[in-house]
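Handing you this structure, nothing more for now.
In order of appearance the chains are A, B, C and D, and numbering begins at 1 in each one.
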Amino acid sequence: MPEVVFSVDQSKSMRDQAVPGHNRWHPDIPPAVTVKPGSTFRVECKEWTDGQIGNNDSANDVRDVNLDVAHMLSGPIAVEGAEPGDLLVVDIVDLGPVPQAEGPNCGEGWGYSGIFAKVNGGGFLTDYFPDAYKAVWDFRGQEATSRHIPGVKYTGITHPGLFGTAPSPELLARWNAREQALIDTDPDRVPALGLPPLMDGVLGGTAGGDLLDKIGREGARTVPPRENGGNHDIKNFTRGSRVFYPVYVDGALLSGGDLHFSQGDGEINFCGAIEMGGFIDFHVDLIKGGMETYGVTTNPFFIPGRVEPRYSEFLTFIGVSVDHRDDTNYYMDATLAYRNACLNAIRYLEKWGYTGEQAYFLLGTSPIEGRIGGVVDIPNACCSLFLPTEIFDTDIRPSAGGPQRQDRGQVAVTS
Amino acid sequence: MPEVVFSVDQSKSMRDQAVPGHNRWHPDIPPAVTVKPGSTFRVECKEWTDGQIGNNDSANDVRDVNLDVAHMLSGPIAVEGAEPGDLLVVDIVDLGPVPQAEGPNCGEGWGYSGIFAKVNGGGFLTDYFPDAYKAVWDFRGQEATSRHIPGVKYTGITHPGLFGTAPSPELLARWNAREQALIDTDPDRVPALGLPPLMDGVLGGTAGGDLLDKIGREGARTVPPRENGGNHDIKNFTRGSRVFYPVYVDGALLSGGDLHFSQGDGEINFCGAIEMGGFIDFHVDLIKGGMETYGVTTNPFFIPGRVEPRYSEFLTFIGVSVDHRDDTNYYMDATLAYRNACLNAIRYLEKWGYTGEQAYFLLGTSPIEGRIGGVVDIPNACCSLFLPTEIFDTDIRPSAGGPQRQDRGQVAVTS
Amino acid sequence: MPEVVFSVDQSKSMRDQAVPGHNRWHPDIPPAVTVKPGSTFRVECKEWTDGQIGNNDSANDVRDVNLDVAHMLSGPIAVEGAEPGDLLVVDIVDLGPVPQAEGPNCGEGWGYSGIFAKVNGGGFLTDYFPDAYKAVWDFRGQEATSRHIPGVKYTGITHPGLFGTAPSPELLARWNAREQALIDTDPDRVPALGLPPLMDGVLGGTAGGDLLDKIGREGARTVPPRENGGNHDIKNFTRGSRVFYPVYVDGALLSGGDLHFSQGDGEINFCGAIEMGGFIDFHVDLIKGGMETYGVTTNPFFIPGRVEPRYSEFLTFIGVSVDHRDDTNYYMDATLAYRNACLNAIRYLEKWGYTGEQAYFLLGTSPIEGRIGGVVDIPNACCSLFLPTEIFDTDIRPSAGGPQRQDRGQVAVTS
Amino acid sequence: MPEVVFSVDQSKSMRDQAVPGHNRWHPDIPPAVTVKPGSTFRVECKEWTDGQIGNNDSANDVRDVNLDVAHMLSGPIAVEGAEPGDLLVVDIVDLGPVPQAEGPNCGEGWGYSGIFAKVNGGGFLTDYFPDAYKAVWDFRGQEATSRHIPGVKYTGITHPGLFGTAPSPELLARWNAREQALIDTDPDRVPALGLPPLMDGVLGGTAGGDLLDKIGREGARTVPPRENGGNHDIKNFTRGSRVFYPVYVDGALLSGGDLHFSQGDGEINFCGAIEMGGFIDFHVDLIKGGMETYGVTTNPFFIPGRVEPRYSEFLTFIGVSVDHRDDTNYYMDATLAYRNACLNAIRYLEKWGYTGEQAYFLLGTSPIEGRIGGVVDIPNACCSLFLPTEIFDTDIRPSAGGPQRQDRGQVAVTS
């Protein structure tokens, strides 16, 4: 196993690690370690909420979660010789939950998925599911099952939800300006349109005093993906992938975490993947001046790995950009189209005895594929959702006989 | 080969066929034929513009296209015993260009793809490519190549862009109302926000006189996908697929066309697939009362076939919902995120010597996958574009040595 | 569609075509046509027995088949500039049954598969199934079903069983010598150990008189695959494949036929694929001196296409090189190991209500994969058979409840 | 992680473990542990030679290996309630090298592959490569590379080469009888036709004294696969697979080991996979009376898992059952056909600068697919070898330009 350059004791908060991580994007967060191009190393990660969620049957912890402290990231890792304009070539060598462990900390043989309450950010279907729910998943090799959602078993595509390089001061300033401008269009919206910098709960690695104040004042929140990568939540970002990150500061300063055991395209229940602590092994290299050479201006790109589970049987649900509740037509809105595809899938699964919340979790955590259909057919965008039917222990395809409805219990709720 | 229940002479307009088709959605368009559940039959189709585009090196025909007459659909096909509330089970048995033909009509050994001018509806990147362009494709078995885009070869996933059942009068009225409401928010926008009913160019099958007037006055345009299916432009809707269409009128009244030899997710250049005339073989059946039984309220769903080409090597580009031209942040806008992923891919391909227009065509016509990444990470939606690298005759993956730029000519332009 | 350089009227014998084909390998068979490197062209093919088998419910025609006339090959096609030592690069552009046809001739919407009687050559399991049987298959797009084997549907991997280049006189002489030597070890064996040249039934293209006599006297039979390619019966030799054939004579002289709609690895029932007449489109080119350049001495090699159907669910049966009937151990015999894997699969399928003959046909015609396991674990070779479970309309995987046995009728038998 | 029911200290011989394993098949070997149906547990395994091979650049250890002690198996594991006639349902939950370890013992971050000398059993091509060679492989996540074979990288399909249930006394007696009969046909052959029971080196778990003598006298050697499973060396027997083993004795007595990081179909270089020590996690259950219910008489069968790496680009080599060295024809000999396919692949790879030994190792260790082609085309069996081209860091497909030959060093040789 590669050398651990960032270690985590899963029983402790990220704040109390030997070298703490951070929960904001800022170029001044001191590197936790420096590595050489060509090296392979391990980074250990806490689950993204820093351990607030337990392996139990109550969703109170999801309802009461403190998001000021999220995401708890490992890093920054400085790469020798990296300069602005380079491409940082990152191979995801390996990735998994906490190795060889079963225990009370998330990632020690189990993970969870949460539907957040609307007041707490909500999820993709928060208008339809405004309350907090939780499902706990048990890991068995590469497969996950849940006592809260019987009758399904997934082969996970493990991946990090969030890794990225540090922004330059200029890029950070642009982020803050544009996101504040968006927030200002409807500052009281619930859920909020964006998350501005926040002193509460800030962690800046080994930074303290004035520097930590600055990080809190200026540091970008970690929820959205941006030019540096960040919280992509792309389920195919798995082992064997080679990622080309733009470099904006000397040393590149790679950080991340938010490991997922499995996730559907969209991560629609927000805390929607099967979340876990664990480890990730990287190999890093540089393409000097690669941003200009390869035309990279705004985002990483990557070569996906070849270890995704093979599924070949699907049910595909479709949605278009109409709000069918009040028959309002939106112009070429792929987000709405995908939301409708999700709702159509949920309605279908309910006919087989799944509760709406169970179906919502299923779409958030299983390896569904969310595809862009037509986005030019004025005015209706079209998206589709490919649900692999082989994750179910019964055949859920339609027939003249109708679905075999079963009682399937319930997910964890609040009390 | 199955019995042809709707035949097309490719050298003639759809208007001049023995039994003409139609180019509006309306429940009163007389059925062209009636079939029984359990039967297999063939439907022949014109290319969607009714033959306005030629196999030549000028994009003038794309620039000057008359869209009042599109899409030219084959049908309606009435299915005995189908009633509102049923699911019409449609197997796509086979599908292809005009069989055993090489000739001047689209689908006879060749197809085309167009980038439409902004004044003419534009495409997904019309702000970046506002003019008209064309590329012509030659078919060789299941593969397509283009003299206008050298160095690539695709194995096509042939599919119909557009098939659907007829709307009920009530559903049609709702479509017209909601789309007009959208148009009214910015009636002078270019491109238009929507396309209202239009007398000009209307074709209603065998209808004439008052009935044709009514169809022209009320009939929904065929461009957007809606509750009845319609213009999905889903590239995986291919041979071997089983589609479950909601039935809204007696007889179901299945119609369609807009056959594609190959298309990328999104069909981003609008007339973006490799368009062709040809044939499609269907098997139909019914699940009586299936809409309620399976929870179908708004859209078809389907089981995709198993004959897609195998590609396992990709370059994946990412975009988030920020307009990077002026650093404006949009809230959870998957459409914009996918647009940025497309732009990132185009910039990359330009480094290898493709013109922007060639790259745009590549993304519209090759079997790229457009995936929903995170759509919950406030405020930035994230989408990704998987470009199969095996379609290129050289290795286009990044290396320290940089891309090998080649001169690759140019697509067809206007004069 | 490409130019037809070898045409077949399916209602006539290969002998009675405008330009007849041939049924022996010999360098002196006159070319039927000459093509240029870089050209694309179509070859039409008769079903391999020259139309002796009918679409009916009796296996008498299979029992009484005259194999002296098989295989009826289309060609030879001379390629300009090809010389001994070159590699002939052959792209399989397209391939299918008789286009746009339904009729009484094999390939016109239907095909068949036969189990041959032991006295007539038998099949891979002839000791277990010594009599003649037949199953007829109906084509529906890319899928086949059989009234003789209900409950299964395959997506075919269409391919030619047999194509090859002409042998040089020296190579032909070596074939005849070595095969006669084998036959001489047990000249009376049933089935025969090999098939020597045979005057009866010989067809040599346009050759007549002394030349035809010579072809009959010397010409190698077409059953086995050899250094020139020939009767490989490799199911993955499908559309999109690029084959590199060794060239042994000036002009290369490419010939073949024996088209298959679908076949399992091994083609175990001998006439075991779903046999059909039809067409094949080729593109040809040359690598001059390619045999030496790429180390090719004895066989073609190829790059398989990417249009095979996707199956991801299998039951895998295993066999080792022991004859379990009398507990005789054979040394590292992969043939016997695969035979046992086949027998194990048949026993399993019988538990679900398939007759042994139906199961035998299933393995011969469906896209099963026959894999080499260990061939070094003294003394037992191990082979495995991957049966795609998605071809069945019910779930045939084992469970504690046991198999649901059904009555499934019977294949066509002799009278 | 599951409970470890059989533990191994990798720095010690299997003989010196707290509970030792065994290296013969015999029903009287005392169970090391008893587990319940429905339970999940871990078994740790030594590399198959009990640690005789080192991570160095000399093949002397391969040449001098003592095979009397192989294979060193973990177990037997008794399953409560298992009786003869049942099927033991074994899920391979997880599998890998020694977790979280880098060190001198095989499986601690590295593995090896050996070509055995002909006097020592040889391999599939021992007539062509009669001497001993070795290649050492480094593991990086799911990928392996070798300093002895530069320019390739595989994503491993980890699997156990060998697991099985204990034979009944009757079955064991039949094995010994039939294998001795085979040996007696040529008792002095090198390599031997079979391996009879052997006192030297016998290990029988906790058995000693008379019982150990009996095990040595009667116990079947572990090299061949047989009715109980055993040394299948099937590369697709990977994580997520569900295996159905016949039960021949009370408690079933599952044993095994011989873990492989990666292997090609055939394991052609004999010690041919990338060998390693490590762990395997199982879940077990029973189908009572399942052998009769499902028609299982002679071998296990299985449902393969869905976590194999996706490869879609191949070069396919072909062989037929002729010994081309002296033009001898063999009847329907799939073993010889596959050998020729291997030789053809090696000749091809040599043109790119690989030595014959490197190419031999490549075929033994990379995820090549060995397929049965026709096995009915008298007299020539046909087999094919699918070599995934994506394992190479350069494009090795043929072109008119010829191969780019490179110097690639050499494997480890004897001194």
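Going forward, contacts are C-beta pairs under 8 Å (C-beta built on N, C-alpha and C of every residue); 3 or more make two chains touch, one makes a residue touch a chain.
The UniProt protein names, listed by chain, are A, B, C, D = Acetamidase/formamidase family protein.
Not measured: the values here are computed from a predicted model.
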*Fewest touch steps from chain A to chain D?*
1
*With contacts defined as at the top, give the pair, C-D or B-C, that has more of them.*
C-D
*Taking each chain's centre as the mean position of its Cα atoms, how many Å separate chain A from chain C?*
51
*Averaged over CA atoms, how far is the centre of chain C from the centre of chain D? Could you give it in whole Å?*
32
*Compute the distance, rounded to whole Å, between the mean C-alpha positions of chain B and chain C.*
39
*Scan chain B for residues touching two or more other chains and write them down.*
306, 310-313, 390
*Within their complex, state which residues of chain A touch chain D.*
1, 40, 92-95, 99-102, 109, 140-143, 155, 239-240, 281, 283, 305-311, 390
*Using the touch definition up top, name the residues of chain A that touch chain B in the complex.*
87, 121, 123-124, 161, 174, 177-179, 181-182, 191-195, 223-227, 231-234, 236, 244, 265-270, 272, 287-288, 290, 293-304, 306, 312-320, 322, 324, 327-335, 338, 340-341, 344, 347-348, 350-351, 369-384, 386, 397-400, 402-403
*Okay, in this complex, where on chain D does chain B touch?*
310-313, 390, 395
